[in-house]
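Labels A, B, C, D and E are assigned to the chains in the order they are written; within every chain, residues are numbered from 1.
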Amino acid sequence: MATITVDGKEIQAKENALLIEELLANDINIPHFCYHPALGKDGNCRMCMVEIEGKKRPQIACDTPVKNGMVIRTKSENIERVKRSILELELINHPIDCPICDQAGECSLQNYYMDVGLYESRLQTPKTHAKKHVDIGANVVLDQERCVLCTRCVRFTKNITKTNELGVLNRSDHSVITTFPNHPLSNPYAMNVVDLCPVGALTSKDFRFNKRVWFLEPDNGICNGCARGCNIFVDHHQAKYEEDIIFRYRPRFNALVNGYFICDYGRLSYKKENESLSSKPLIRGKESEYEYSMMKILRLLKHHYGNTSFVISASLSLEQMYALKKMAYRYDANLYAYNENYDENFGDDFLKVNDKETNRKSIKLLGINESKEDLYEGIKKSELLVFIGRCDILLEEEKTVVCISPYPPSEREVDVYLPILSHTHVSGTYINCEGIVQFHTSKIKNSGDIKSLLELISFYTEINHSTCKEIWEEGLGELMGEITLGKLKLESIKLGFA
Amino acid sequence: MIDIIFLTLAFFALAGGYGMVTCKQPIHSALSLIVSILALAGLFALLSASFLFMVQIIVYAGAIITLLLFIIMFLNIKEENLPKEDDKTKLLIIGSIVLIPFNILIIKAFSTLPSKSLGIKEDGFGSIKDFGEVLFNNWLIPFELISILLLSALVGAVVYARKDKYNG
Amino acid sequence: MGIKVVPRHGKSFKEKIYLPAIFGGLKVTFKHFFTNLKDTSNIKTIQYPEVMPKDITPRYRGIHRLTKREDGSIRCVACFMCATACPADCIFIEATERLDGIDEKMPKRFDIDLLECVFCGGCVEACPCDAIRMDTGIFAFVQDERKKFVINKEQLLANEAMKEEEK
Amino acid sequence: MNLVLVSVVIFNIVVSLLFSLGAAPILVWMERRVAGFIQDRLGPNRCNIGGFRLGGLIQSFADMLKLVFKEDYRPKSVKEKLFFSFSPVIVFVCAYLTFMVIPFADDLIIGNQIFMMQGLPIDFGILWFLAFAGLSVYGIIVGGWASNNKYSLLGGLRAAAQVISYEAAMGLSLISILIVYGTIHLGEMVRIQGELLFGFIPAWGIVMQPVAAILFIITAFAETNRAPFDIAEGESELVGGFHTEYSAMRFGLFFVGEYVAMSASSALIITLFLGGYQIPWLNTEALKNNLFWVICCLMVLAPLMSVVFARWIDKNNAWPEENDKRNVEARWLKRALVVINIVLLSILGTLLLLGMSSDAVNITVALLQIVTFALKLLFVNFFFIWVRWTLPRFRYDHLQDLGWKILLPLAIANIFFTGIFVVVFGA
Amino acid sequence: MADSILAYIILASLLFSLGILGVIARKNIFIIYMSIELMLNAVNLIFVSMGRYYESMNAQVIAMLIIAVAAAEAAVFLSMIVVLYKQKKSLDSDVFNVLSQKEAL
């Protein structure tokens, strides 16, 4: 450990670590373009200038190792002047088309200009023009004029995905980022370059022009794409007179699970959630009232008391599964969770895993029957089948089938289909493939009459536990031992016993 | 015709009185009392006391009850500031039973009076002129005393309601 | 700098009884009444709608219009600054890709709900492209349906400036 | 002869209805147009039926019609529904009943029957007015309270305090004029006012009791909640005062009630101080004796006035658009004037030519007096309106100061001096 | 019926009884006051009807004097109520018993 003085304040820092890392860790704002914690230093943008006592000229913080007793100034007239000069350099050929730039609002260049720039342009000569709309593949659009050449994207393809699609072409103010001929950006993590890009040079084709970012409200979420359970920001917005809809997923840093990135598959899986909002309850394929369908299921449950099988998805949250266990007990039903949802071509050695069910570990934790034979045997015996959270109706026989799921069944018509809120709209705990327990809350409003699964269960069991907190207090907390909901709200915890 | 008017007025007088006694809110009571007072004014007119009929409306209905209503509204009485009267109904019933002998007594006492027509007199009985003559001939000293009483009441009211260091 | 003594009014008996002043006031109002009764032509009231006002200043904030580029295409780039600045949330924009090469982005839908608009001019101030203006001078808009008060992009583009800008 | 009785009673009731209730739309129209002219505006002048605007009078009828057919909305917060609905009725009925004892012509003698020319043939006179002026405040208080709204309640409270305090001054200012007249019967009072003072001044109340007249007029303004004493509504601070929560015809009743009260106050002012139905220098007797010359004068005056009016119409009743149907109105109005003149002149001419029985003379005199009364009523109502658009509203404490510290002592002093005068110089 | 004095007497006695009931059964000081007013009115009615019965104007004069007294009473009573209510925030007649307590004030 080393002690350094920053702007008169002493802070503790790791010896020989990068200075910028330590400063950022201590909430000291250092403007930077090229440095990224996942990609490391590059030192090309010269934005992170600090004054170090004993050094004649300002130094870049991203390429200076911490030494004990360093005295650093981040705010001084000189630094301001240097930063302003560097910004002026960056902006010489920048088109400044913020009105049509999707990055506006979360653009580093914009922010730094507002912080230290604010000068009148001295530019007399025309700007150098480059290509404004380059489709570099994989849902990413490149605007070469806006680029500040921090090479984060290049380093991402080089170091992280190791696909090397991007590179810098030409010299001086003609240098641009580009793909190599006939090698478009095409790796399963390609859209991370959109997040990495500090300016609006790389934008997502999917999100492009959909919404200005300052309208969006980020909500903590967990990706439901595979068993990895990557942490995401769910950016949603409720426009006037409209539904609260999700506009994009962004990776949320979690060192235990996904680091700084998510895969493109997970990133684009938000569309399904928006569609699920407009699901209507169906009774034998005909649209129906929500309350009526609810009561219909209640009647069916009562009628087939003791002859019911619940088939649940392994993607439900831990709380939902726990409550479903109670509900199965209440209606004397069998509870099965057999699921073969593996995709052999999906997984890789970075984030993606073959198992596409998010919460399979919870099934094991709660001891829910997972065997295939038992499931088919149970189905044969029972009269009423209730599929919860899934709609892969895997039987041929004529049975009364009820499906309670965010997404309507596509393969065959069921007797009753009741939509519920999808995982982005409800809070819940998930245990990922490595046994890491994660909890996420949801603040997305639901203006329709669709209820959450927990509310439904508390309606059917007549036990009032419609929130996660109540479930944890009721018994789940005991099962989880040391892991409490309060702790989970702050961090993800590696499960010790599962 | 006169009988119908009398019965109607008597009904309104009694109903107003009953409403006044039973209503929880003082404002309802006051409004009931107005009904009663106006009905009584009508009865005065029936008894050919036309000046008193006008005085009853002007002074009682126009001034006293208006003042009362004004004070009730001015105090802005809330539900919780009203006294709790749980045994109101009980007391009212007991009281009315107790008062039956009293009423019978009065009726017995007056029933001995010989019957006489009480129709409206046309010869100026109860008019302001007759009234003034009687008032200023026979009742001058009580009249002046009343005026002193009114004056002292006025002064007293002003002193009471004044904001000073003792009761501000 | 001498002290200027301002005469205090209201001390004399004539002023204290107020009646002369009241009658003075009555005289003034009656004079107006009588002259106007005799001859209504002196009254300045404009008989709108038969006679339209001619003195609307260029700074008057009338109904909005969307300005056009030199080639007649829409100037707006759907940056949402007006919608963001709008205190009444009455501007509804949907952006789309612009494919004619003039610019990259343009509004697919640009609706202003005139019933919600407070005519503050915030959108005009906020616009970075000078694409929205309120210089049409249209101050009266009457419709028989609420729906019709929501004017769309085409209507906004069709609105013209009240008079040529004097440059 | 019973037919005469019934027809005269019906005639009386209709006339007092016309003067009170029927005056309301005309007063509303007058209020608007006078306000407009005073403020150099035009006022309502567009509403028309087939081009006929009658100077905007149609607007009043349209507004009345609108109030009748509007949704009768009662806010949910109103708990006392009965009182809420009932209070406009109280205001309206009280204001209307006040008018019923005002005589609008001298006692009519037909054959050997004598009729009092007032809505209700009773002789309570001033006391009746005081009684119902006091009662009408209940409508305002109860309405303000039942609305369950702070503004309404405050408006009601203000009205109550105002009416109580000004009733005292009003009553006392009346005492002095009662001492002078020696009667409370309004008809008697008017008859006394038909005399001449010193042989050439009409013995009107305002001449005999100027202080009482001013006091009474001021307090009448306050009693009817008219400007400058209309702080019970006080829209600048109390939204709408006691009728904030009222709409449709309930509000309409308040609205009309206010104008009826104003009309009734004007009628009382006329009766007490402005000679009632008396034509100056021509009391009933004189009128009966000189009816021939009066009718001759009328026959000359009517066409003259019509010509003046027609010229006014030509000048001021045009419509800016040439082919608007509203331009037709002026022509038709002039034709109507001609017809009216011809009819009037022919009636008067036949009367003059054929000579008149005493009944006809009496009826003609009564009609003339009714017209006189109507003209005076119109003028005093105009005065009410004129004052409203001239004087600013009082502040509440100033109002109470004025009532208790100035008007009341003045009224008492006036009684005192009148008493001394009457005792010293005889009645 | 209106011709007989007894009808007026019965009405007056009933009204008077209502007044007494209000005084004894109610705690609300406003209603007690109004009950007193009602009793005064009942007495007035007896005066007026008896005056009519004996054709004497004196009874009416007494009735008017009673009304005057009632007006005086109203002024004093209401100003007292205002002061008391501001101090105690209650209309309960049982609250105004300061003089009956030893440790008054």
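One rule holds in what follows: a contact is a pair of C-beta atoms (placed from the backbone, for glycine too) under 8 Å apart; a residue touches a chain by one contact, two chains touch by 3 or more.
Computed from a predicted model, the values in this text were never measured in an experiment.
Minimum number of contact steps separating chain A from chain D: 2. Greatest centre-to-centre distance from chain E is found for A, with centres as Cα means. The interface carrying the most C-beta pairs in contact is the one between chains B-E. Relative to the whole-protein C-alpha centroid, the nearest chain centroid is that of C. The geometric centre of chain D is 39 Å away from that of chain E, both derived from CA atoms. With centres defined as mean CA coordinates, chain C is found 62 Å away from chain B. The geometric centre of chain B is 33 Å away from that of chain D, both derived from CA atoms.
The geometric centre of chain C is 43 Å away from that of chain D, both derived from CA atoms.
Looking at chain E, no residue sits in touch with two or more other chains.
Multi-chain contact residues of chain C (touching two or more other chains): none found. For chain B, the set of residues that touch two or more other chains comprises 51, 55, 63, 67, 74.
Chain contact topology: the protein chains form an open path, each linked only to its neighbours in the line. Of all possible chain pairs, those that touch are A-C, B-D, B-E, C-D.
Listed in rising order, the residues of chain A touching chain C in the complex are 97-100, 104, 132-133, 208-210, 212, 214-215, 239-240. On the side of chain B, the complex with chain D involves touching residues 27, 31, 34, 50-51, 54-55, 57-58, 61-63, 66-67, 69-70, 73-74, 128. For chain C in complex with chain D, the touching residues are 19, 22, 25-26, 28-30, 32-33, 36-45, 47, 50-51. Residue ranges of chain D in contact with chain B, taken from their complex: 83, 124, 127-128, 130-135, 137-138, 141-142, 145, 153, 156-157, 160-161, 163-164, 167, 171, 184.
Taken together, the chain E residues at the contact with chain B in this complex read 1-11, 13-15, 17-22, 24-28, 30-31, 33-35, 37-38, 41, 44-45, 48-49, 51-53, 55, 57-58, 60-65, 67-76, 78-83, 85-87, 89-95.
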